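Next come two complexes built around chain A: one with chain B, the other with chain C.
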Partner chain A sequence: MVEQESPLKPVWKPGTRGNFSDGVGVYLSETAPGSIVQLAAWHGEEKAIIAAIKKVAGLTLPDGAGGGAATGTKAAFGFAPGKFLVVDEQEGLVAAFAKSVKTETGTVTDLSHGRTAIRITGPKAEWVLAKFFAIDFSLTAFPVGAGRSTVHHDIFAQIQRSAPTQFDVYVFRSFARSFWTALCHASEEVGYEVK
Partner chain B sequence: MLITCPYCGPRDVSEYTYQGDGNRTRPDPASTDQEVWNAYVYDRLNPAGEHHEIWQHSGGCRAHLAVTRNTLTHVVSSVSFARDAGHKKSDSRRKTGAKA
Partner chain C sequence: MSPRRAISGGRIDRLRTIRFTFDGRPFTGHAGDTLASALLANGVTLFARSFKYHRPRGVLTAGIDEPNALVTVLSGAVREPNIPATMLEIYDGLNVASQNRFPSLAYDVGALNQLGSKVLGAGFYYKTFMGPVIGPLKGTRFWMFCEWFIRRAAGLGSAGLEKDPSRYERMNAFCDVLVVGSGPAGLIAAKAASDSGARVMLAELDATPGGSANWSGETIDGLPAAEWAAETLRDLKARENVRVLPRTTVWGYYDGNTLSAVERVADHRNTPAKGEPRHRHWTIRTQSVVLATGAFERPLVFPGNDRPGVMLAGAALRYVNQYGVLPGQKIAIFTNNDSAYHTAEALKKAGAEIVAMVDVRDDTSVAGREIAREVGGEYLAGHAVVATEGGAQVSGIKVQRINAATGALSGDPRSIHADCLLVSGGWSPTIHLASQAGLKPEWDNDLQAFLPPKPTQNWVGAGAFNGSFSTEKAISEGHAAGLTAAGATDGKADELPSVDADAFDPNPAPVFEIKAKGKAFVDLQHDVTADDVRLAHREGFVSVEHLKRYTTLGMATDQGKTSNIPGLAIMAETLGKPIPDVGTTRFRAPFAPVSVGSLAGERYGDIRPERLTPMYDWHVENGAEFYAAGLWHRPMIYGLSGESVEQAYVRETKAVRGGVGLVDVSTLGKIAVQGPDAGAFLDRVYTNMFSTLAIGKARYGLMLREDGFVLDDGTTWRLGEHDFLMTTTTANAGKVMQHLEYLLDVVWPELKVQLTSVTDQWAGAAISGPKSRDVLAACVTGTKVDNDALPFMGIVYGEIDGAPVMICRLSFSGELAYEVYSGAGHGTHVWQALIKAGEPFAIVPYGLEALGTMRIEKGHVTGAEIDGRTTARDLHLDWMLSKKKPFIGSAMMDREGLVAEDRLQLVGIVSLDNRPLNGGAHIVEELDEANPHGSLGHLTAACYSPSLGKYIGLALVKGGKARQGTRAFISDPLRKRFGPVEIVSHHFFDPEGSRMHG
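The block that comes next holds the complex of A and B.
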């Protein structure tokens, strides 16, 4: 596969910045997964896609809107009716799904180079994201593993809570540098570290 | 104004795009009845009250939704996936030439 170059490279500044009166509020990073795959089920084929995700990625998705699961290396979540995002640290997920998802079940789209995955973690992650998106980030409304589709102005974002104080935000690659810059500015008030 | 998407839950109206009057039924594409096409393109109920509309959750799950919204109060009284909905005929478009 082609070596990927991060769109964040020109603005990437490791280190700590902002107000640290209460310690580091959030840690910001790019997870740069090897595979980002979108799966879409034809009407009535959703269960077959969920089964394929279990078979190929080993992740069991709970029933219901936005249901998902995340391990240290893999993640999957529903972001729309019959549609799922599946992410793997390793390359090769697309080929595996292309084999296991039949044409009459749904579609497999490779977004590995089309999305940038930004991780925000730390005690103030909910607080900072709530300044961007008009959705409820509390653990009860947005449980671990779950996914949400929302938008910050024109920047479409798919967000998964991958741990109690950790979120992975998937944005279009072409918007990633702009979003990252805004995220850094918004994180200044709580103190942030880029790593 | 909030619209409760059946998939995503309550979201601000800024996440949605208005897709037009939900009372219309597209005539048979083979039809050459000009009155029918004229009514489809131009006739609107324009009610002061409950109105059937199509919205897309464009800044979310991107599903098309059938929404009943009160044009006086902006109260949204029902939302469902447009593919499942099919609007109730009782409230459908008035006949050509009929009084509103």
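The block that comes next holds the complex of A and C.
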């Protein structure tokens, strides 16, 4: 199978940069999942989709807007009413959902190539992300597992808090390089490591 | 020892010496000094020249309200003008220049303006630049010539022309309670809100939070107030739920309790830390706000009140207590209220001589009289200062008896020797933010000031902001405000810190102006005098709003912080009305100047993000030159060495028509249209039928707007029973998506259709030319690509070099052509495999220019023709308008005006003089270069056609269909291109389409 090429290739520079007077503020990485799948439920079928996510990906999502769950290899979150993003380290998730989600329940859309997953983790992750997005990143307002849809300039982004100081940002692939470059720039202030 | 530095006292670090320059002269100060305090400590009193008259000016205040002492900070080739010296923290290497003077601050040519001051009054510009209406200069531009010189003579500092290399940033913040101002009221409010569990932000515009506690000299909780403030601040900073922002000016209060602030992150350092912005702009969304913004002291208006050495009494208190600086040695004080007595005490204690206490009131308080006796000097109750003496520095004052009730002066003036005059005209609460989020301010007759208005947003005030001037009151109000803002009720008011302070009566005598002979300034920054206000009144400007605009009172960088109320009072008196009846102008944002850089934030130098196709790096490596197409970067040509753009696209076009070429079409908008009603939905939004399309087939579709004009075109592919892939033009992808989402959300919510942008999911490579099938046959596995397996508009699935691909046979070039779609992450891999497989067939990559040339030859339309004003009929696409079903636009497309024969219609244009044509050129029947007129329409696209050997174009021409075969001219006066053309059919090349169907 042909490997996916990262859109960040020419700007991907592992190592540490910026101001380290207080240590490394954030770690930046690309998670490069094998599968990114969007599920959309018809009105009234939301619970059936949540059940499908549990069945196929083994993730239990809370009922409610923006709820989600994340493990080391898989993640899922609601990003709009009745709409979910499900991510797996492995390929093949879309085929599994295509079997599991019936036409009368909702739709399955493969975005494995269309979105780039950028992970920002570390004590200053909230601070750096607040430079980009008008979203309350505090743990109380944005609990672990939850997802949000937002925008930075012209770049649409879906964000999941996958751990207390860790966020996964999903951006359109064509914007990924621009966003990554801006993210590195914004992280210089707190010191960052690309890994 | 600096001449004016007190031997002890102040919150500066006397062990740390800071070196800086002012107008090229080296000075020293201490850590904790502002430029104003450091220069004053060095005995400097002349800071600037005034706006209009170039009068010498000193420093009036100690804060953001400073009207006079504005300076330009020089940093390399970058200059930042109009920074108040009172707000500028000194650092080693700071380089500052004074403003509005030539050749120097001490000897300024512009000071001659004072000689013409009689004609430079209010409305000078309005009157002058109308120009003479009689006399020899009538009707000439002589006045415009003069304007340049006059405008040069007036002004503040000038900005530099160099690019600002500083870094600016924007930040978003959310909290429960935002406290603005960190004086005792703000500190206690923040603490109370934090105690009750709220997330708190505390913004302070000065470097050292604490507000008046830093200079009041009072005792709080048994500690000197400044130490209590520092202690409280330490406590707050250590809390998880509190964020303290010093050097942060909250400048705007917007709907939804959204406030704007700018933080001067690195202005106090020679070089910002790595990655640190110079300014950070905060957008703060909060549940509620505590406004503890304090009050501004007002000057009194009297002749000579602008002479260096005249300073606000409260500012002097701050200089002596916070910075250990004496504003003078022999100090006179002139007041209409009790607060200045406190200053006298502090100055005396620090070693200054108080030569006179001048109070307009006869009936001063007992406490006041006691202080006056203690500080020594003359005590002149019922007196006023009627003039200052000296040159560029106060050397004395003149005093005269005054009746505070009537303002009448009596007796003869007499002189008192002094090198400094401190003035207090009462205090005005800083209600600017409240004014942005409230009703009209309310006049308080006792305080002779406007109090905060009734809120229209969720804020609560505390302390001097409310007109409560004692620290004890500030603390109790701050506590209550903090609890209210946090939504708590059970605060422990009995545990509030105790305050040991002199009580004083803040109510001033209602005296704003001393009417004596000489220039008495109301607005020091804009050089507006009391006489200017009266002149404006005489000339009919009786509304306070007109007064402001005519005299410019209260404009400029300080926005009248020291001048609004005195100006209003003088206007009220002139009108014979009480002040509240005259009204006040509403304070608008920003509260203080905001750097443009901080508003621009990270968009500085980077206006828009770049949008790149998966094959972008390959294009760069292979010599592509790019176009910006919206946010996308698309290859224009792949030029060879020495080739012009035209040579390159002609070569690329010939290669495609004669062999095979490859173009990146990944930018086409792609929308997944899924769901059981997808086919029905497409039937409604396209003019032609899609529900009947077979799975594995594509169809060209046309969309209209509701008003019947063309919206977009593109192909839509049926990938499954309930699964369509719609493509749109690159430029219209977002617009079409919005249009479709609107229809589903609002018009047909019952349809089970899901739309997803999958533009980025797919890389698209279009392979075109008579040999394109051969190239595919050489590299595609898992499917055949012959005419039976893959007919025109058919779709097959296979692999190229191991990567899954979806291939659709469709053509934009008019050649046999295919669009090869792969996952975006495989885009370059597939592209390179196609290039490799095409090598034996001499494949070339081609760019937008060649693509455009081939589409012009074929007469295909793009955004240049689908310009929002054309109908399907105008573009010869009426064959696509289904008569079997209604669709968006069908009800409106047959309106009279939309079917008229003389509409602009698509035609082809051939240049008859063998010279290039330009898009945008007009088509005319008769050529008249001197007086171009009679446009029949315009060229939308033009190129050299290698297939025809001619310069050709597409055009929208009035009644174009009937004009085919006739001659006309192009008229392009801007580019001076005129010449004969022939109007022909837009199908220049292979009108039967035999090549692409072959």
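In this section, the second predicted complex is superposed on the first by the 193 of 195 C-alpha atoms of A that agree within 3 Å, B and C clash if a C-alpha of one lies under 4 Å from a C-alpha of the other, contacts with A are read in each partner's own complex, and residues count from 1 in each chain.
Going forward, a residue touches a chain if its C-beta (ideal position, glycine included) is under 8 Å from a C-beta of that chain, and two chains touch if they have at least 3 such contacts.
Keep in mind that this is a model prediction, so the values were computed, not measured.
Looking at A:D110, would you say it contacts chain B, chain C, both, or neither? Reply first, second, both or neither.
It touches chain C, and chain B stays clear.
Would you check which partner chain A:S149 touches, where first means chain B only, second means chain C only, and both and neither mean what they say?
first
Quick check for you: in the superposed arrangement, does A:A134 touch first (chain B), second (chain C), both or neither?
Once the two structures are laid over each other on A, A:A134 reaches both partners.
Go through the superposed model and pick first if A:E91 touches only chain B, second if only chain C, both, or neither.
Neither: A:E91 stays clear of chain B and chain C.
Tell me the contact category for A:D22 with respect to chain B and chain C: first, second, both or neither.
In the superposed model, A:D22 contacts neither chain B nor chain C.
So, does A:E188 touch the first partner chain B, the second partner chain C, both, or neither?
After superposition on chain A, A:E188 lies in contact with chain C alone.
Determine, under the contact definition given at the top, whether A:F79 touches first (chain B), second (chain C), both, or neither.
Touch status of A:F79: first partner only.
May I ask you to name which of chain B and chain C touches more residues of chain A?
For chain A, the partner with the higher number of touched residues is C.
For A:G66, using the defined touch cut-off, is the partner it touches chain B, chain C, both, or neither? Pick first, second, both or neither.
first
If we overlay the two complexes on their shared chain A, which of chain B and chain C does A:A40 touch? Say first, second, both or neither.
A:A40 sits against chain C, while chain B stays out of touch.
Find the residues of chain A that appear in the contact set with chain B and again in the contact set with chain C.
Common to the two interfaces on chain A: residues 134-135.
Mind listing the chain B positions that touch chain A in their complex?
6-9, 11-12, 14-15, 59-63, 81, 83
Applying the document's contact rule, which stretches of chain A touch chain C when the two form their complex?
Where chain A meets chain C, its residues are 1-7, 9-10, 18-19, 21, 38, 40, 42, 103-104, 106-107, 109-115, 130-131, 133-136, 138, 141, 153-155, 172-175, 177-179, 182, 185-191.
Show which residues of chain C lie in contact with chain A when the two form their complex.
My answer: residues 169-174, 199, 273-277, 283, 285, 602-603, 606, 608-614, 617, 631-632, 666, 672, 674-676, 722, 752, 754, 756-763, 801-803, 823-829.
In their shared complex, at which residues does chain A touch chain B?
Residues in contact with chain B: 43, 65-66, 79-81, 83, 134-135, 148-151, 156.
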